[in-house]
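Structure first, then comments.
Letters A, B and C mark the chains as written, and numbering starts fresh at 1 in each.
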Amino acid sequence: MNIGDRGLRLLSGLALFVVLAAILAIFGLVVVEGAGALSWRMLVEAPSSDLATGGVMPAIYGTAACTLLMTVAGVPVGVATAVYLAEYAPRRSRFATAVRAAVRILAGVPSIVFGLFGLGFFVLFVGKSIDGLFYRDAASPVFGRPALLWSSLTLAVLTLPVVIVTTEEAIRRVPRELREASYALGATQLTTIGRVVLPHARAGILTGVVLAVSRGAGEVAPILFTGVANYLPRIPTDVRDGFMHLGYHVYVLATQAPDVDRARAMVFGTVLVLLVLTFVLDAAALLLRARAHRGTRS
Amino acid sequence: MSTSRKPRRRFRRSLGERIAERALALVAASAIGAITLILVFVVREALPLFWDGHEGLALAAPHRYPNYDHPVYVWQPVGYPPKYGVVPLFVGTLKITGLAMAISTPLSLLAAIYVAELMRPRRRAWIKPIIELVAGVPSVVLGFIALTYIAGATQDLLGCTYRLNALVAAIALSLAVLPVIFTVAEDALHGVPLALREASLALGARRYQTVTRVVLPAALPGILAALVLGFGRAIGETMIVLMASGNAAVLDPSPTSSARTLTATIAAELGESPRGSEHWRVLFLLGMILLLITWALDAVGRIVVRRLARRLDPSTDEGA
Amino acid sequence: MTAKIETRDLSTYYREKAALKGVTLSIPERRVTALIGPSGCGKSTFLRTLNRMHELSEGVRVTGQVYLDGEDIFAPHVDPVEVRRKVGMVFQRSNPFPKSIFENVAYGLRVAGERDRAVLERCVRESLEAAALWDEVKDRLHESALELSGGQQQRLCVARAVAVRPEVLLMDEPASALDPIATARIEELIVTLKEKYTIVLVTHSMQEARRISDQAAFLYLGEMIEVAPTLELFESPREPRTQEYLRGRFG
């Protein structure tokens, strides 16, 4: 083989090897130690007051509740936006260009800025306004404080671009002939979208939703000031309550636990739960995406 | 007149259809609304700094505080008097981001070249998703990994004075940035038409010549977009730097000294600062600056990429 | 007439499926040899084995021999890159690099290590002249090649191929994506090029083969059915399958 070719192969192969080896080594270590630390008790119990023993059940629940609320609030908006962009907006319309630019910029906003926004807008503006209107006599703020609701809404805004971009792509991949067949049978645009386009793009849309859920479940910075709680060893029953969260729990355990060594098993267990959660979601998204692409190609 | 009006009416779209379109457009506008609200509500908390009589804040200029013999750049918001020199935070941000880019750019681009150009398609089909999966790892997990594994390893290897420092954060940060750059760059390389590779090889070019002279230049806009995206992700990343950088706001260019970034400063301090205080407003100002940086990055990136694409192929049209 | 290229019992397999079945063909020097046959008959596959471009597709296997000036190009010590420098190729769709006109033509020389600007300039000019493109582009050599028309782009690809000074030019339906006027220019070009080069032309157009080739070979389902001087093949084909194809029964 030529020496230049050999050099290229060696250099780039080495880079790939380093990347893969680093990934495997690091995550291998985490998974091994995490699996040793994880126990059934951890999944079903509440943590002790110093967080070092007990379980992470409230954090699992909080993460799930927060992500669920986020999905309910964000996905319909994202899908509707994507439908508008893909089906209605004229290719070069100013409005569509502006929406696309907004989506792109939104995707690039640092997550901590979403935290500031969530605090400034949802908690202090919306929440305080509600309190001012309806809870004038309450001794302490009812809506105007960090809460599950505000964290979820902040994350819904953060994950909006993921849903919009993947859904629009999925809708655009629906073959034109299918739409035309529907129109030729006298269906209206709305019927065509509802009965032909969206069902056909189902796998692609679901990919976007799953990706958004995975992203939302792992983000910590946006919820720091909008609702997450350090220690709240019960299941939150009200969206106006604070909540525990797996990602934040990892942060607290790893950096602020009074006795880091005693908390080591807890933090590894929590990391593993979080890692498995996002891996499963992302792997599902990859499989769905592969299916969506195959589906439209044949 | 009246005869020509009737049929037009009959073919008009139904009321429901028109309402649906309007409603969807309204929802679509929410993306614009969101970005506007973000800007407005971050600025709203930050701007009073400039007219509510906060003189002598010395944000960007060196300042001579009592008990100092010469003007300094210091970030020490809880000291007396509070010192809000943001320069150390910018230096820290640039140091960590620059290091992370220096680590991840060559690794991810070379790996992308291997996967796109030299790997068999079947193997590519499963290697790529593995790296993409890493892009989804929550940054708090990467921060934890930096804390438990990377910090110790770099200290053993380099004998750093501080266990947590800019380099540790940068290594963990490159784990977050690497898959982003890799994926986008690999797509760009893979998207270069096979016909160009064939033309080059048929002219007696070697593989490496084809890669460096044809494929890389043709994929350059996409590769640049990948780097801009990676840089944006690195500069905005919070949890990793918060957990791994040591967080001391020092003016020290050494990679093994501690560093404090803009994002980590907000994350660490906002919880403790009273609403509406000077400190609080300065933190929101940092958020506003971050917002503007990412905005500018997006704009500059797009202009450069578009220009490059047009230079490669002048027949491409403007809008796309 | 000496043979420039000879194939002997040449077969190719994609995975286990045979695309070419034992093709033996002698290609005379400085003549145009046309390969005709219905699409999917293996014309392009055959062409790509002549400069070892087939190796770029995964899962392709070759048996038999290809002799270039009597030397087996599949012999273990042979460098495919050296083969490709002797056997140039023009593709079905024009594929100029997204570089300037000058850089497109100079590319083959540059990758072969030529650095002398004067040599490059002279060669670019000669090649563009040989491809009958010089007069149209001499004032804009440093503009992007992608601004040329489709026909000009294809002639640029011809110039790019001859710039390396190959001995053989393989052309895979070079005019199929062009309009009639541009096609006529490419055909004229091929006729002038055969003074210097051995040309193997794949074409789906019977008229084109008839107009410009000296020898024609008919391939069907991977087999070489008949090869003869062009006039002979078209006027009095011996094989019934050739007769049927020329009469338009299948194809």
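Heads up, the rule we're going with is that contacts are C-beta pairs under 8 Å (C-beta built on N, C-alpha and C of every residue); 3 or more make two chains touch, one makes a residue touch a chain.
Molecules present, by chain and UniProt name: A = Phosphate transport system permease protein PstA; B = Phosphate transport system permease protein; C = Phosphate ABC transporter ATP-binding protein.
Fair warning: this is a prediction, and the values are worked out from it, not measured in the lab.
Q: Tell me the shape of the graph of touching chains, choosing from line, ring, star, complete and other.
A: Graph shape, chains as nodes and touching pairs as edges: a line.
Q: Nearest chain to the global Cα centroid?
A: Chain nearest the overall C-alpha centroid, as shown: B.
Q: Measure off the straight-line distance from the CA centroid of subunit B to the CA centroid of subunit C, and report it in whole Å.
A: Taking the average C-alpha coordinate of subunit B and of subunit C, the gap between them is 49 Å.
Q: Quick one: subunit A and subunit B, Cα centre-to-centre, how many Å?
A: The mean C-alpha positions of subunit A and subunit B differ by 18 Å.
Q: How many angstrom between the C-alpha centroids of subunit C and subunit A?
A: Centre separation, subunit A to subunit C: 54 Å.
Q: At least two partner chains per residue is the criterion; list those residues in subunit C.
A: Correct list: 81.
Q: Which subunit A residues reach two or more other chains?
A: Residues 2 of subunit A touch two or more partner chains.
Q: Where in subunit B do residues touch at least two different other chains?
A: 206, 209, in rising order.
Q: Within their complex, state which residues of subunit B touch subunit C.
A: The touching residues are 120-121, 193, 195-206, 209, 213-214, 217-218, 311-315.
Q: Okay, in this complex, where on subunit B does subunit A touch?
A: Going by the criterion above, the answer is residues 13-14, 16-17, 20-21, 23-25, 27-32, 34-35, 37-38, 41-42, 44-45, 106-111, 113-115, 117-118, 127, 129-134, 136-141, 143-145, 147-149, 175, 178, 182, 206-209, 211, 232, 235-239, 242-243, 263, 266-267, 270-271, 275, 283-284, 287, 290-291, 294-295, 297-298, 319.
Q: Using the touch definition from the top, list the residues of subunit A that touch subunit B in their complex.
A: Residues in contact with subunit B: 2, 4-5, 7-9, 11-16, 18-20, 22-23, 26-27, 29-30, 77, 80-81, 83-85, 88-89, 92, 95-96, 98-99, 102-106, 108-117, 119-121, 124-125, 157, 160-161, 164, 188-190, 211, 214-215, 217-221, 224-225, 247-248, 250-251, 254-255, 267, 271, 274-275, 278-279, 281-283, 286.
Q: Spell out the residues on subunit C that touch subunit B in their complex, using ranges where they run on.
A: 51, 53, 56, 58, 81-82, 84-85, 88-89, 91, 93, 95-99, 107-108, 110-112, 143-144, 146-147, 157, 160-161, 164
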